[in-house]
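Lettered A, B, C and D in written order, each chain numbered from 1.
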Amino acid sequence: MNKNDFCKRPPMGWNSYDYFDTTVTEKDVRENAEYIAANLKEYGWEYVVIDIEWYSYDAGTQQPRYQYIPFGRSEMDEYGRLLPCPERFPSSIGGKGFAPLAEYIHSLGLKFGIHIMRGIPRLAAHLHMPILGSTQSANEVAEPNNTCFWNPDMYGLRPNEPGSQEYYNSIFALYAEWGVDFIKCDDICRMDNPSAKEEIRMLHNAIENCGRPIVLSLSPGPAIPTQAWWYEEYANMWRITDDLWDTWELVHAMFERCEVWQNHVSEGCFPDCDMLPFGRLGKGFGHEWNCRLTKEEQKTLMALWCIFRSPLMLGACPVLLDEDTLSLLTNRRLIAMQQEGFGAKQRERDASGALWISENSVTGSCYVACFNFREETAERSLKLKKLFPGRSFTEATDIFPDNTQSVGETLSVTMGAHGPAVYELR
Amino acid sequence: MNKNDFCKRPPMGWNSYDYFDTTVTEKDVRENAEYIAANLKEYGWEYVVIDIEWYSYDAGTQQPRYQYIPFGRSEMDEYGRLLPCPERFPSSIGGKGFAPLAEYIHSLGLKFGIHIMRGIPRLAAHLHMPILGSTQSANEVAEPNNTCFWNPDMYGLRPNEPGSQEYYNSIFALYAEWGVDFIKCDDICRMDNPSAKEEIRMLHNAIENCGRPIVLSLSPGPAIPTQAWWYEEYANMWRITDDLWDTWELVHAMFERCEVWQNHVSEGCFPDCDMLPFGRLGKGFGHEWNCRLTKEEQKTLMALWCIFRSPLMLGACPVLLDEDTLSLLTNRRLIAMQQEGFGAKQRERDASGALWISENSVTGSCYVACFNFREETAERSLKLKKLFPGRSFTEATDIFPDNTQSVGETLSVTMGAHGPAVYELR
Amino acid sequence: MNKNDFCKRPPMGWNSYDYFDTTVTEKDVRENAEYIAANLKEYGWEYVVIDIEWYSYDAGTQQPRYQYIPFGRSEMDEYGRLLPCPERFPSSIGGKGFAPLAEYIHSLGLKFGIHIMRGIPRLAAHLHMPILGSTQSANEVAEPNNTCFWNPDMYGLRPNEPGSQEYYNSIFALYAEWGVDFIKCDDICRMDNPSAKEEIRMLHNAIENCGRPIVLSLSPGPAIPTQAWWYEEYANMWRITDDLWDTWELVHAMFERCEVWQNHVSEGCFPDCDMLPFGRLGKGFGHEWNCRLTKEEQKTLMALWCIFRSPLMLGACPVLLDEDTLSLLTNRRLIAMQQEGFGAKQRERDASGALWISENSVTGSCYVACFNFREETAERSLKLKKLFPGRSFTEATDIFPDNTQSVGETLSVTMGAHGPAVYELR
Amino acid sequence: MNKNDFCKRPPMGWNSYDYFDTTVTEKDVRENAEYIAANLKEYGWEYVVIDIEWYSYDAGTQQPRYQYIPFGRSEMDEYGRLLPCPERFPSSIGGKGFAPLAEYIHSLGLKFGIHIMRGIPRLAAHLHMPILGSTQSANEVAEPNNTCFWNPDMYGLRPNEPGSQEYYNSIFALYAEWGVDFIKCDDICRMDNPSAKEEIRMLHNAIENCGRPIVLSLSPGPAIPTQAWWYEEYANMWRITDDLWDTWELVHAMFERCEVWQNHVSEGCFPDCDMLPFGRLGKGFGHEWNCRLTKEEQKTLMALWCIFRSPLMLGACPVLLDEDTLSLLTNRRLIAMQQEGFGAKQRERDASGALWISENSVTGSCYVACFNFREETAERSLKLKKLFPGRSFTEATDIFPDNTQSVGETLSVTMGAHGPAVYELR
C-alpha cells in the first residue's frame, strides 16, 4: 500500500468545523451528506468529515468562555480509545462507534472522515488504562508535559516508548473497522511539540498497519517549510496556514504561503490552504454569519486554491448554500485546473498583485491566473511568450464567466477589486 | 504583618534536596536536625527544609529515567491538598500532616520549612475535587495547559478565577496549623508560565491570610531582572540562578548574576544564589559523591554568597559533614559579613577576576573581597582610598584564616587558583 | 576626581533637539540661554546642551527624506576631530571651536554641554588621518562594520586597539579646552553594538584624563537592565527609554521603565527618562507644533520624572514657552522632590494606575504620587500607615496646586484623566 | 534571453578561494586553467573563477589578523567600478581589465568567471563619484548602514533609488565587454541585509541588460528556504550553506540542507552545496594543508553533491592535485548522475545514515545512494521495489569502484566509516 497511490489528486469534500464547531450531530451529518450527494458529488466533492470533539458530552455548552471545556466528559472505551458521544451520535450506541454512520455515507457514494487530536486522552493516563496490543499502560506512554496549547484533551505520546505505536495502531484498527476513509489529525502539523514529527510517522505506520487506505491530513498550520520532505513522505495533505477565516487579510496572506510551498505539490502530496469559509458560518461558535468575503475575494480564494492545487474542503453548511456560492463550487473549469493541473508557479508577487501559471496534465492547455490586491479595478496586459516560452496559443477562455476569445501574443485582463482573472489557454 | 519584618536578615539553614533529592524520610530529617541543633545553630543556621515531593509514594524508584515519575501516586486530602506520604513520614499518620515533625524541629530551637510546587494537583482537577472555602472545584481553577515543564504533578491556577486564591489560602492554613515557618515554592520564580507572576502575589496573600509569619522563597531561577520590584514586594528570597551544583563553571557564572542583582538586596528582600553544594551529595539521585569544588573554590563560593548577602541554605548531608567544610560553615567573620553587611557592590569584573566591597552595618568596618578566576595563584595591590573614598583604615583582617595585620593606603592580597581574598578593614 | 562627586543631584537644563533637531545655530543658543538665565536658572535649570550634528554644513536640508544626510559635509580638524560648522557657529571661526560660546554661557551663570556620536568620523578612516597622541591612524582604530544604524557619520572604535583611547582622549582634551561641562554621547547607551560597553569606559577614562569634571550622559535608550552596574560605574546619566515624544503612550510606558530602574538611582547615577517634550516642538524637523500632551498628562510626566529623580532636560524652545508650561517648570515643590528625594519606590502598578512613594533627604518629609491611567477622573483613599510603616503625618500638601491640609491615617486623592495626585506629607 | 536556457545543467569548474584566498594572481590563474584544460575539461569541468578582492593591492598582507583589510587600497575607475589590481593581473594594465585574461581562458576552451561583492565601493560614496548612465552619484545610491558584516569594501545599494540599477548595469556592461561568463556575487544569498533580495533582482536585470549570457551564482549561504521561488526566478545557483570546509561535521550537516532543498532543483536552478575542499588548501590564508577528509568522506561528499545535483566547483589547487583526488573528480558515472539526473529525493535520514534516490533523464537508469554516518563499516539490504515502485532491475553498478553485478529485488551494500554506497540500477 503506497499512500501516494490512493490520493493522486487533491481531495475535495466538506468539513463540519466552520459551521458547527464542536457541536455537530449525526442528524446534521446525514442531512448535509445527502445534500452533497445530490448537488456536489458530480463535481468531485466526496469527503464528509466530522471535525473536533465528537467524543465530548458537553462540547459547546460553555461558549464563548471555552471552545474546549477543560476536564470535560468524554466517551471512551476500556483501552483509552475515544468513541462518539452516544447522545450526539445515536447510531453509535452499543459500541458500534461510527460504523453505522460511515456505512450510510458510503451508501450515498461518498467517503467518510473524522478528526482526531494527536496523543492519548489525559484521563486514560491518570487512570493507568491498558493499551490494546501492549503490556504497557497509558501512563507509561503519555508524556505529562506534552500537551496541546489550545485543546486540553490529550497528552502526546513518547515516540520511542513501547506501547506508543500500539496505541495509534489500536485506534486506527478501530477506524478501519468503522470504515473511515480520511483522518484529519490535529495539533501535529506545525510541530509545536518536539514529538509531533515522530508522531506523524507513527500515524503513517498505523495506517499501513491497519491495511485500509485512509487519507492522512495534518493540522494546524503553518507547516514548517524545512520539514517539507517529512510531510511528503508520511502524509497526504498538510496545512500551510493557521485557521483561515473569511477576511481578506487571511486570503491575501496565503499568496506568500503558496509561494513557499509551490514546489511541494505532487501525487499524494498536497499542501493545504485550509477550508473554504463560504456561505453560512459559525453556528456552533454561538454567532452565525454569512461569509464576509466579497464575491471577488471568494473568486480569488478559489482561483488561488485551484491553481495551487490545494485540497478543497468546504467549510460552510451545505444545506444552507446560496446560489452564488454553489455556482462557484461547481465551476468545472476551476475544478479541472485543481484536479488536473501541474507545475503551478508564481511568477510575480508584489504589493499590487500576483501572477501564477500552470498546465493541465490531461489536455495540455495552460493556465494563467492574475490577482489584484488593490481595492480598485485593475487591468494588465500579459506577454504570453515570456510566461510560456516555447508555447503559442490561439484561444483564451476566461474561467469567470467561461467566455472564450481568440488570443495572440498578448492577453489583456481586467480584475475587480481584490479579484482574479483566470484564463485557460489553448 | 509585614513580610520584611520577620526576615530582616538573609535566612540560613539546611535543605534536603542536594543529598536526598525526592527521597528524604522523617528519620533523615530528625537526625540531621539534631546534628544542626548541636553543631551549627549557634552560628546562625536555623531552617530545616524538606524539599520536593514529600507527598509521593514512589518518588525516587525510577531513577535515573525519571526524577519525577509521571502520574505517580501521591497522598492527598479530600480538598486536593497534598499531605506527607505516611510511609515516609510516619508521624503524619492519622491526618496529622507535618505537625508532629514541625513540633520536634521547634523543640530543637530550629525552624521548619517545606517545598511546594506552584498550582494544584492534576488529579484533583481531573477528579473535580472541591476547594475548601469556595464553591468552585479544582477543574474550574486549574489551567490544563499551564504545567511545569520539568515536573508532572500540578496544574497552574487561573489568577482571576474565584477559588484560586482560596485554594492557596486552604493550603497555607494547613501549613500554619502544622507550624511551618518557611515555604520554598517551585516552578514560579523565573516565570516560565504567564500566570506565575500573579501566583507569587497569591502566595503572599495566602501568607497574610494565614496569619503566621512564613518566609516565602521562590524557585527556580534565574529570576527576571526586570521584575525585581515584584519579587521585592511579595517575596523574601528569590533564586537568581538555575540549580547550582558543584562545578567551577556554575560558581563562576554567579558573579554575573550577583552583579545584576546587587542593588536589590535589602531587609526582607534577598536574591538567592542557591544552596551550598558542599560535603556529601547525590544519594537520592542514585549516585553519591563528594563536593567536586576545590577548597579554594568553596571559599570563593562562600565569600561571594556572604558579601552579596545571599541566603545560605546548606545542600549537604549535615551528619556526614567533614571537618574542613564544617570550619567553612562556622567562620564567624564570614557569617557576620552576610548577616550584618550592607551596600555590597561589585567594583570590577573581567576575565581575570572580580572585586567586591561592602560595609558592616553594626560595626562600621568595611569589607573587600577579591576573586581570582584564573587557574594559578594571583596577587593584587588594592588602593583603599579609591575603593572607599573618605575612609581610612589601620587594620586589615584576612577572613581566611583570620589573621589581622596593620594596613595603610594599600592592601596587598594573594589568591589561590579560583580562590578569594577577603579582608575586613577597620 | 570622582564622577559621583560632581553630579550629586540629577542634572537640569535645556537641550536643543526637540525643537531644532540638527539645525540649531549660535544665535538660537545664545537667545535661549539668555532666556534660561533670566527665567529658569533660579529654579535649578542650568545646562545648555547643543544636540546632534553641530559639525554639519547641510544638516536639515534634506528633511523629511533624511534626518542625517548620508556622506554629508562636516567640519573637521587634521586629527579627525569634528569642529562646529563655522557657518552656523560664527564664533568658532579661526579654530576656536565652541570656546567663545561656552564662555558666553558661563558668563550667564549656566553650564555648557554638547552632543557627540560614539566613534570616529568615517571619512577620517577612509582618508587614513592621524590620531593626536598616537602613532596609529584613523583607519587602524575604526571598525568598518561597527556603525550606528540610524546615523551615518561615524565608525565605532576597536576597544583594545592602541590609538582608540587616545582618540577619545584627544576629543575630550579639546572639549575641556573649550570649557564643556556636559557630554551627551549617542549610539552607545543601549549597546546596539558589541563595542559600545567598552566605549563607555573609554569615555569615562577620557574624562578622567582631561581633568575637567564633565558630566557624562548616555543615549539612546533603553539602557540594558542587566548592565546597570556598568552605567553606575562609568556614567552619570543613561537613557532608559528610546526617544520620548509628546504622546500619552510613551509617557505611560515610562512607568514600567522606572519600575525596572528604581533601585539604581543614587548620587552621581541617574537613570534618565529623556527630555521633556513641552511647549513648542519640531521646527528643525520641518513641521512645528505645540506639545500634544494634555495639561494632566504633562503633570503626570513631571511628577513621575521628579519622584523617580530622572534628570530634567527641557526639550522645548525656551523663548517660546507659554505661561502654563513655565509654571509647571518652576514648581519648587516638584523640583525639590527631584533634587532632594531618595528611596523612590513603586508600590503598585496595574491597568488603572500606579503609586510611588519617596522621602526628602533634607527635610524628612515624605512623598506619595498617585497616577491615573484611565481616561476619566478617579479617586483613591490611601492608607498612609501601610505605605509608610512607622511614620505618622499631620499635614499633607497637594503639590498641584500647592494647598496644604491636615491629614490622619488616610489621604483621599482625586486625579484627572491621565493625571496625577502628588502630596508631600509631614 | 532566458537564464534557465544557458545553464541547463549544474555548472562545473574551479574557484580560486580555497587555495588562494584573496591572493590569486594572473600567473596562478593561467597555470591552473591550463591544467584544467588538459586534465579535467573532457569530464565537464569548464568554469575558471577568480574569487574575492582581485581589485585589492594589499590583500592577504595582514593575515591572520585581517582576511580583508579595512580601508585597504583598491583599483577603481572614475565611475566607482573596481578593476583588477594591475600588480597582480599585469594584462589588465592600460584599462583592459580582465579582457586579455578572459580571452586566454576562452582560448583554452574554458569559461571565465569572477567574484563580486554586493553593492558599490565605500570610497566611491564618500568621494561622491559619478555613476555611468545616471545623473545620480555614488553617495546618493549607497546606503551608509547597509554593510557586509564580514567584508569592509562596499555599501549596499538603495533598491528603488534612481542610479542603483544603472550602477549594476555599468559593471555588468564592463564584465560583458571583458568576456565574463560567470558572476559569483557575495554578501547577498542569505539576505543578511534587507536590500539583498531586491539586489538579486537588480543583478538579474543587469545581466539581461548587458545581453551576454552570464551565469549568476549567489553566496554565501545558507539561502533562505522560504525565498526559494525568488532564487529560482532570478539566479542560476545559490549557496545553501555557509562556507564548507574539509571537516566531517560540515559534510554531515549538508544532508539536512539537501533535504530542505531537494524539490528546488531544475533546469537553470541549482541549490549550491559549495566548493569541493579537496587536495591542497589554504595557501592564501597563510597555512597550507591537505584536505582533512578521509577518502570515504570525500566520496560521501561527491556522492551527495552529485545525486543532489549541486554545482561542482573545485576548491583545490588544480596543478597540485594528487592521483586519488583526480580519480574522484573524473569518475564519469558520478558526473553523469549530477549532469543527467532528475527527481533526486531523500527517502531516509536518521542518526545512522541517509538514503537518496534519483533517475537518469537520458538513460532512464536509476540511482540509489546510501550513506553511513557512523564511524565504523555498515551493511544494508535495500528493498528495491519499495524504493522504486513500478520499476524492476537486472543490473547494479557500484559507482565506486565501477563494478557491475546482477541484482534482484534486494541490493546488499557495504559502506565504510562515513562512506557511501552508490549504485546505478538498470
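Simple rule for what comes next: a residue touches a chain if its C-beta (ideal position, glycine included) is under 8 Å from a C-beta of that chain, and two chains touch if they have at least 3 such contacts.
This structure is a prediction, so every number in the text was calculated from the model and none was measured.
Student: Touching chain A and chain B alike: which chains?
Tutor: Intersection of chain A and chain B contact lists gives nothing.
Student: Which chains does chain B share as contact partners with chain C?
Tutor: none
Student: Taking each chain's centre as its mean C-alpha position, how far apart are chain A and chain D in Å?
Tutor: Here the centre of chain D sits 40 Å away from the centre of chain A.
Student: Quick one: report the Å distance separating chain B from chain D, using the average Cα coordinate of each chain.
Tutor: 57
Student: Counting only Cα atoms for the centres, state how far chain C is from chain D in Å.
Tutor: 52
Student: Scan chain C for residues touching two or more other chains and write them down.
Tutor: Correct list: empty.
Student: What's the complete list of touching chain pairs for this entry?
Tutor: By the stated definition, chains touch in these pairs: A-B, A-D, B-C, C-D.
Student: Using the touch definition from the top, list the residues of chain C that touch chain D in their complex.
Tutor: 70-71, 122-123, 125-126, 128, 139, 142-145, 147-150, 152
Student: What residues of chain D sit close enough to touch chain A in their complex?
Tutor: For this pair, the touching residues of chain D are 2, 225-226, 228-229, 233, 259-260, 262-264, 345-347, 389.
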